[in-house]
Amino acid sequence: MELSVYLAGEIHSSWREDIKQLVNEANLSITCYGPMENHDRSDHIGEEILGEQPTAILKDEAASSINNLRTQILLEKSDVVIALFGESYKQWNTAMDASTAIAKGKPLILIRPETLHHALKELSNKAQVVVETPEQAVAALSYIFEEE
Amino acid sequence: MELSVYLAGEIHSSWREDIKQLVNEANLSITCYGPMENHDRSDHIGEEILGEQPTAILKDEAASSINNLRTQILLEKSDVVIALFGESYKQWNTAMDASTAIAKGKPLILIRPETLHHALKELSNKAQVVVETPEQAVAALSYIFEEE
Amino acid sequence: MELSVYLAGEIHSSWREDIKQLVNEANLSITCYGPMENHDRSDHIGEEILGEQPTAILKDEAASSINNLRTQILLEKSDVVIALFGESYKQWNTAMDASTAIAKGKPLILIRPETLHHALKELSNKAQVVVETPEQAVAALSYIFEEE
Amino acid sequence: MELSVYLAGEIHSSWREDIKQLVNEANLSITCYGPMENHDRSDHIGEEILGEQPTAILKDEAASSINNLRTQILLEKSDVVIALFGESYKQWNTAMDASTAIAKGKPLILIRPETLHHALKELSNKAQVVVETPEQAVAALSYIFEEE
Amino acid sequence: MELSVYLAGEIHSSWREDIKQLVNEANLSITCYGPMENHDRSDHIGEEILGEQPTAILKDEAASSINNLRTQILLEKSDVVIALFGESYKQWNTAMDASTAIAKGKPLILIRPETLHHALKELSNKAQVVVETPEQAVAALSYIFEEE
Amino acid sequence: MELSVYLAGEIHSSWREDIKQLVNEANLSITCYGPMENHDRSDHIGEEILGEQPTAILKDEAASSINNLRTQILLEKSDVVIALFGESYKQWNTAMDASTAIAKGKPLILIRPETLHHALKELSNKAQVVVETPEQAVAALSYIFEEE
Amino acid sequence: MELSVYLAGEIHSSWREDIKQLVNEANLSITCYGPMENHDRSDHIGEEILGEQPTAILKDEAASSINNLRTQILLEKSDVVIALFGESYKQWNTAMDASTAIAKGKPLILIRPETLHHALKELSNKAQVVVETPEQAVAALSYIFEEE
Amino acid sequence: MELSVYLAGEIHSSWREDIKQLVNEANLSITCYGPMENHDRSDHIGEEILGEQPTAILKDEAASSINNLRTQILLEKSDVVIALFGESYKQWNTAMDASTAIAKGKPLILIRPETLHHALKELSNKAQVVVETPEQAVAALSYIFEEE
């Protein structure tokens, strides 16, 4: 069996590398997808493809149209979504990807520090699994492959 | 024609009353739904129905299970969703309701101050209409009813 | 606003009457649907319509084809499903109706005594709300209608 | 042609091994999925991943969130579901998996002793095929591969 | 509660009138839809609207485009479909309407003489209820409205 | 029975008034929806609600976001779509509305002069009915209401 | 590119072999599925798996439950359905498979002699392509693979 | 990861070859599908398979039934659709394919000269990405494959 997993969430730490390394160590047949992790490239991709934009909002709109193209296609190819929330940033696109997954019937594994639980309580309630660390998320994925 | 609108977003200001008053002034056949706006009742509804919970997280989980029941039913009954983002709070449940609407094929009208655009750029790109004030949102709704 | 609720579960106690009375007392605009509560009629409806059947299994099959017709139509008309599990009987049709509701995107309110939780743990995890009494279920429904 | 089959039902007997052996003997290109069959691991997986839980119900909830993650993903990957009911246990999760399959348009093969037919009559009526033994279930699968 | 029923099948006998009269006698809140029962009008409606057609096949194609418009809209508005098969005619459009209902998740009540069972065995197996007379079909509908 | 019809197509002639008058004359219970027919208002609605835009393309984008909001909501409320193509204009939004209806399972009645058939041949092939005049379109709608 | 095609229709002539041979000669990457073509095995499969049945109707019901299992799974795996109607037999299961394909959004190629057109006019109108011979059906499939 | 892309639009220039060459140069695992690009073959395919037709409209109808068969199957197999509009031709089938993709949840990349923006404004608003050249479209696709 092979699984595809979309890794939604912030692109300022190395948590996706942690997930991928844990997946490799556990020898799981899992393909990981995710957003562009180079923050500058993600913010500038709109202007790089479409040319300079007249305002900051239009620069953002151009970039998000390309980023959402990527997300929509990769999320559609995934069997399960892992979304990580951290202490910093608004992370509304993380909430968007997580909610889109749920609405499309793809199970969500939510990773967040316990301190954020109150603000995330409605999303946590809709997630299939709520954990605190990438190790726990991969342990849940690993369990899917286990045979007695 | 009658429309039903779900008003997603923070419950600390009177923006929903503004919307309803504007709808009334414009004589639009619109029914507005929304979350429980009494913040204390929203936070405590879980324990009120299910009894005291052993931890803060479980109190939150109990409350969110009831709040999500309400949201799921009212959002399903709506033709369009208006989501308002403000300067304060995490507002991840607002992002969740807005994204759920989009994923279910219900158009989203997003109200946010321009200062928040960068953080909301992916969600803005998926919204059908992006405005800054409740007046603009109601103007868009009003346009649906107009006949030459 | 009007809600329709399907009341799945055993037909040997008066719990549906309790729900309806509580709904009336709370003045909620709720229509309650449910299975045939006359146990004999439910078991014999197949032969009453289709004539005597050669074996007990065929009598059951005839009855269940009519009962499932009723359930499919009434459940489709409902916004939310309440399923009650008790100490007696196999109650597999209750589990079937509850699961069908979830799979069709209709939220489930599960009523069960705490003693049954272990056997119901997978279904409880998928339910939107889990309670122990009809009063709690109606309190959750009532909350959907509340405006501050 | 290759088929994937989810084997829903109790994990206290070796019926899944019987199915897999029969599939092998018949040289059918069938991949079998199913729940964790190690009963202790299934009951404890929540605490193993999420840590010790304060109550038995929360331990169950933690376990079922992981078990349902597994089931949702594997059932989604399956073309057909076989559900086996036996004389013991409540088996409400078996009824849930079987009903979820039907509601998602995946055909169900139901295996049950004739003595259980009355209690299973509504689910039997919705199943595509109802049999008494794993041999019969595999014979039905084998027929799909046959060419004259 | 109100139900809408589409009555698929031949238009050469008065079986739809029988159904409607039985519904009236039983005081059921049921709206009956169905195809154009004037056979000539049904066959000629294409040319009446679109003008004379160069060949018999094109006359048929013109008529069926209008008849299918009617069927698609009325079937979509129905909660349940009754399909009657008789001894005469090919009745392939009856089989089409019945199968479309099933594929769209609307339950089918099939009326046919027992002598036709072998030829109808695959469709019977997919129908929710199989009966021999309009009286039995209405008895099944009536059961949906019954309260103890 | 009541039908709702969305009237897609150009807003430079009075064809919608013709349809509505024919519907009235035939006493059909039909509600007609359609786009803003005041061409100036349709082109300027974006700037009227969102304020002056820096470029012509952005003015168009603002207008189309409001126009598409209207179309999406009204088309969703419709049972059937009539799309009229004329000799002038690109009419790509007419093609878009017509195709959206088909993809959502709503039948399309296409009105076009025979001279346009070649350019419309793929869309004609997907339409349920193809006619040349509003009279013919209303005749097809009228047929849905006819009882012998 | 690879296509899967379900070949619905009578099992008394060799038309499926003709299709497969034409596909081979044209070197098309097409996998053909279809029903059990051994008529006796198809009629007796229910009793072979489930044991002797008390009546002819129950024997038919047993057989059709297995045959429908096969059809549902193979049709789900197909990109397109070819349905052939001939002069003999009721062929209601052919009409059922053809209509199921259409309702599920899979295109239908209908093969029938022109003499049957009147009786098939509603189904023809819903088919994507209507032809008279297997050669024409394969020519249509072949066109999908063509590159200039 | 592998992507499939349907290239909708006119068949009078070599833009599809440009796309394919750019994809090859960028070493992207992308399979491109599209309509028959031989204009004569596309217009005559109906008569080639179905025989001479009595009128020009019927010749068109025959051709479009085969062309739509091809498009429906190839579009269903695609993850994303690129639609190119040029200065010439009505291009209503391009608008149809583009809108069908959007309605089915497949993201659309729209290529058009800026001069056409006003006429395409509603479709542009629904597209995920709007560009002016094939190079920009492939740059957007390439971004989906990028890993930091």
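Per-chain numbering from 1; labels A, B, C, D, E, F, G and H assigned in written order.
Note that in this section a contact is a pair of C-beta atoms (placed from the backbone, for glycine too) under 8 Å apart; a residue touches a chain by one contact, two chains touch by 3 or more.
Quick caveat: nothing in here was measured; it's all calculated off a predicted structure.
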Shortest path length from subunit D to subunit G (each step joins two touching chains): 1
Selected from A-F, C-G or B-F, interface repeating D-G by over half of its contact pairs: B-F
Distance from subunit E to subunit A - Cα centre to Cα centre, in angstrom: 49
Subunit D and subunit H, separation of their C-alpha mean positions in angstrom: 43
Centre-to-centre distance between subunit H and subunit B (centres being mean Cα positions), rounded to whole Å: 38
Multi-chain contact sites of subunit H, meaning residues that touch two or more partners: 65, 68
Each pair of chains that touches, named by its two labels: A-B, A-D, A-F, A-H, B-C, B-D, B-F, C-D, C-E, C-G, D-G, E-F, E-G, E-H, F-H, G-H
In the complex with subunit G, residue positions of subunit C that touch it: 54-55, 58
Complex interface listing, subunit F residues touching subunit H: 56-57, 60-61, 63-65, 67-68, 71, 85, 89-93, 95-100, 102-104, 114, 116-126
Contact set on subunit H toward subunit G in their complex: 31, 33, 36-38, 41, 45, 48-50, 65-66, 68-70, 72-74, 76-77
Residues of subunit E that touch subunit C when the two form their complex: 1, 3, 79-80, 105, 107, 109, 128-131, 136, 139-140, 143-144, 146-148
